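Labels run A, B, C, D, E, F, G and H following the written order; every chain starts at residue 1.
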């Protein structure tokens, strides 16, 4: 019995909750749903211990609304749900994008469509995370593949939310959310935190949606003496509704630009063996674990296999993928869905290079399936 | 004054309502929202005139739910909304896909994201129509570009819904929905109608989700002596919940297959001048009108421009586009959004061939913008 | 491409610019023409500035909005400020001088549409139809009979006579101006 | 790759298969091993058949689920029917003979876990921990001390002693069987 | 004096073994519910009520949302539909509009009916559309494991209220009444006969009708609060409930924490689909 | 006897020209509402009530959903937020949880509050969270043009009820009361002084408070039903309303169609965020 | 009809010694063991103690003769695992 | 204080002829024409007829002297386009 004192067994959902606490989350609103409920349950106990506040709302729509309301009050705020809840939240996620309110939405993906099979994993909400809300707006979505990564990316999600004034979606899946794993959490000093930027201009001059100089104007919390207006209508720099098309497009360009110009910070991934690869595997979430297993097996068999494990799914790392696949003719994209990130991979590198490996029956992609795809093509 | 007796001035929304009546729509449930409200208002008057039923529900979630409930009772049923309502309906659209209940959802797109600018047009919900609901499932989405086409595609939407037991989304936009245009409607005899297929097997043998022989097992209305179970959980052929993965994947494969094998019927588009084209324009909805105008102008200037006007957006006409663009290096995709169908075009023919023309400020794409893209590249 | 006529009718909410557009479009159909009418207005379904655009042609009408107006009818100063300048060379700009004092060009046709409406019918609300009458007389873009038929069929219940009277006044005023211009 | 040990613990809801998995995983950590524990169960959060999977290794654990079990503990007939056959050549299958009558192999280790639990503690509910004790004794996959520490820390409030007693009984039974097998 | 059973004349009351006629027992049993859960008891009451009323199974639909209670329809041999969480009444409204002749029973848990589904509940009541709603009120979210629900008692511990619950519970029956329902009653799974009677009345009555069936969830909320086994919780229902008549004589304090059983509303209000028939008449007359 | 105004001593009551201190008049006027719409009158009552209470503008938030009423926040010089349709109370709940010291006023139309937003309304009441809700009840969806709403009178014509409306209206005040609100009152835009008084009481009171301000929409529902101009509809409010005391003496038939004004609930219930403070105390104690 | 409460008449009018009558089973209980989940409701509430828990956790009919056919068990079994039929005294009993 | 109702005392205590007092303006009405939408509420409800509709549809102060400063108009104007100040009699008036 040689225990490292800080190593412990922790569930993915709990790591997400602890990551939130570590990130400075002060408010959580949610509605129970398998397999995300544990996040709420842990935070119901933990948040008040650190002076924060938890509320269970009447549904998911109210939950995301309360989260945005709390964020407007200055709190780092989060909700957690699964597919059905994500669908319900879409309208207000769009509102958060429109009003540029930072918040974190966790979706622990289960097998859909519809109620599906609530206790089974899936990666079926990847496109819904990007495109579920009507209208055009960018979004950031992160996807961990281990318990420790869940902790880290939860912190990162809060940081990105505050840095870019945007909703951030954290896509877990049932495997990662319910899995317990040995994990050593970083000490508080090791964790890099972003606090919401504040303005120095006097209240009369404050423009919550200013186009210049920065693309991310500071958001002053309600109740701090900065009185201004927030609306889901198109608005001018002061936040007041506008009907002028020449005020809409600059805003829209800015909200896309604020993400695009920070891609180097936002795009998180692990790559290895890309240089000499004959075949590239691109995977994320629980499937990245199957893929990693398969990659190691294939390499043992003498295959040159490159591996790209994506942690940032949206914005899609176009350049990263293009670069990694540039020399190659074979890219395998395994997913627990009918092919979602594969669409983007195809868009970036061309349809005919891509071999999809899919299942959406509630079971993890087995390493053997990925291996077969590698071999079959080799 | 030389009036053709049957030609008349009609609004797009009204044409949609009349198309529904012509298609045999018996039930409408909805919640008012600009620019779709007129569809409800016309049907509130028209449906009871033909013995049908209209109800205004408490919100959009209830509206789509009621529509599905009515469809289970055997009615052709429809709802109409705009972006915010579409976002709210997503969970139940997924339910309709999962349970294979035919229904029609009209989304008259307005400028988003969020509340946006309610009276301004946009094509910002194209991806939301495909991917808004969590989990994997196919969907059919149609998009007219004139008042007459609105009538026709509404009929078609009902036909497809019944033929393939699937929700069908009809994507109008504010221009088409609110536009009044000279239109001559077809006489009832000219309209081809699909009635819901019925089974001849005795109730004890009936399997509402049978995999064979057809991919679209008949759906018997409640109250007709066929007692069975409908659930949003994964289910077996009888409709009972199942936890068996080996019953899930075949179902999933079937619901994709039932659409794919009928692509030749489902994919509607107009193509002209493709053969000799140097440049191809792909457009849909109101933007197809700007594009058509630009195409004619460009041809006058001696340019060889091909034009593909899509009416079926989902499933995306991969082969059609691939074929049309095969010889070409220049494809222009104008859209009243930040680039949505362009993503699919890029996926199918490669990113570097595609020139996007976008605006999402509530104004139509002007012919001059498209012309400029043609010229700039030529 | 067949000749496109582009007409813009603009005012504040409640002045009936959109109804005027519908009537004009309807009349064009009665004349066997092709027509598209579009509109834009303020918050959701009601209030605010509003404008209607009507494109009339013998052939297909692809782009449904006005590119450059052949004819503009402005019933408010705001509308005139915004659209008055967008008229094509040689186009016709009609202003309700009861509401518009500043115009972008001296070649505009001015008439007291609101006063004419009030004098003729007692109701200012039909100023839009007076304007339509003038427009018809001045341009011949639709026939007088078609315009009358459109008004008769589409006027809100019980207001057909009122509106026809307004149309007649507008037509007369248009004729008068035309004569004078000759 | 470092050696992977794959353990599957299966029963019906309420038999504590998942808790057993957690205890085993926790013990492995106390032994300085890497571990991943996953699970599957019936509708939403409750009821139905349930199973836990524990993968233990000295190195990284990528694929977190069982590929082929080294060890299986079956606490119900249904579980045994479903998983009993999936054991690898030479693996260990432990059956609670109070609940399992048919086994897929004659080489399974049978013990009346439920009866042992009742006899030792008066509570059948700790049969899972009896099973864990046996498993520990028979395989040494985790140390006895680590297992005890895990049980002590993770047992529901006020049940530590009860569970430790059950563990001891299981351990003794395992030892007995081992001795007999020698 | 020994009982020689084969020789006895055995009388099976019609309602006994009623499940053989109304349940899809062949494929779907045993049910998913925990041992001792009251949902099965409510299901029994419903089928006995239906048996009493001698309705044709083809004319009955049972519709539910999501939750343990929501699993009920799969077991009964009617036209059955398990919809999305909270939306059962909205689905049922559409079905009723196009099949007004059907008897539609909507079964929901307290969370399904009153948390996510609260709006549809009050609106269906306001419309007075002909649906029979049965709310199995176990005062928690059973399916997801014992979180607090809109009916969880103040001060109880729940998995999302580890320090005690600080909200007031909804009075379901009163809420239905003020929203416009035609018939509202409350009983418990202990008082099965009464429950069955109310359900039968509710199904027979035209308009929107509500029966709140108070139950318990011993495996989640019950366990967390150490309220004991299913029989223990059943006993609480017996002990903590009074009839409306008994309650009438009590002060507010005395009534605190008690379950008041009885019929709360039974009034004549025109049913929605019947009113809509008049609309159709008017509209058809207009075009004719 | 001619009035030489410059020489008169002019007394401006504090509340007069109150808009100069509370409205963002510079940029945002004239407002979007139709001439004569009662929403502006409610806005006046709110700012006068706030002025009476001498609150700091920085401590006030006004939150709305979507609708004509929903446009109100843009005009007032507080912390303002125009959210999504029906969800204002849920947004406000989050804000209140993290800024319990703020006075949060939620203004909603009848559709916003009770159609799509009905669930949040009853749940906020049940939780008794410290929000002041003002429902401008014009008995229709004004913004979208006169469709029937949850408060449209039975038999009225609406743009989606061309043959007459067949539903019962919600009694907003009663619904709030039964759901658990701490203070509930109703007045009309005719009775501005009373309205202002109730609003002030509601803002001062801790807990969830509701003021229903009955208004009208002459340009949509009013026009369709030929109920006349804004002054005509204002007159109807005057004539058709009675105080609770007057109503007490009336039979149900007599009360039919009347607007009963008054305070319906004013009770002491602990406010949610204050109760939550105790949770924090308990939790902090647990870890300490 | 009778002067004392000690004796009663059954439906046939025959006089009976009360003790004896009480012991006479009036209900016959059947259990479907496959469906019984052993929740204990029936046995805890059976007013006369007919039922007991078996070794496999499921219910068993320990004292069939005591059953008064009150049907509490049947009406409350969540799993339709128990039902009761009314027994009319058999000929032998009638003359017993 | 006085024997008849015909005369009253103002706040200064000075006796006044009632007719004269009634004619004396007690409120001074101001209109912001830019904000007024001419809805007609104020003029229809002004109890003494101070206001009228102008030719441009907006309200005008036709009879300023009649205003009793009841403030109905101010409190009900949806557009904050009208307000009323209380006037204390000016020195001239006081001696008038």
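Just so we're on the same page, contacts are C-beta pairs under 8 Å (C-beta built on N, C-alpha and C of every residue); 3 or more make two chains touch, one makes a residue touch a chain.
Just so you know, these numbers come straight off a predicted model, no measurement behind them.
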Path length in steps (a step moves to a chain that is touched) from chain A to chain H: 2
Leftover contact groups, counting everything except chain F: A, B, C, D, E, G | H
Distance from chain H to chain G - Cα centre to Cα centre, in angstrom: 90
Centroid distance [mean C-alpha coordinates] between chain E and chain B, Å: 39
Centroid spacing, where centroids are CA-atom means, of chain C and chain H in whole angstrom: 44
Where chain H touches two or more other chains, by residue: none
Junction residues of chain D - those touching two or more other chains: 42-45
Residues of chain F engaged with two or more neighbouring chains: 33-34, 66, 82, 84, 115-116, 118-119, 123, 143-145, 150, 163, 276, 279, 282-283, 286
Contact set on chain B toward chain E in their complex: 26-27, 29, 45, 48-49, 51, 53, 55, 57-59, 61-63, 65-75, 77, 91-92, 95, 221-225, 227-233, 238, 240-241
Residues of chain A defined as touching chain D within the complex: 1-4, 7-9, 34, 37, 118-120, 175, 178-182, 286, 289-290, 292-293, 296, 364, 366-367
In the complex, chain A residues that touch chain B: 61, 82-84, 86-88, 90-91, 94-95, 97-99, 107, 109, 111-117, 120, 122, 124-125, 127-128, 130-137, 231-234, 243, 245-246, 248-249, 252, 256, 337-338, 340, 343, 346-348, 350-351, 359-363
Parts of chain E lying in touch with chain G, wherever the complex brings them together: 1, 3-5, 7-13, 16-17, 19, 23, 25, 29-31, 33-41, 43-44, 189-190, 192-193, 229-231, 234
Of all residues in chain F, those that touch chain B in their complex: 66, 82, 84-86, 115-116, 118, 141, 143-145, 147-148, 150, 159-163
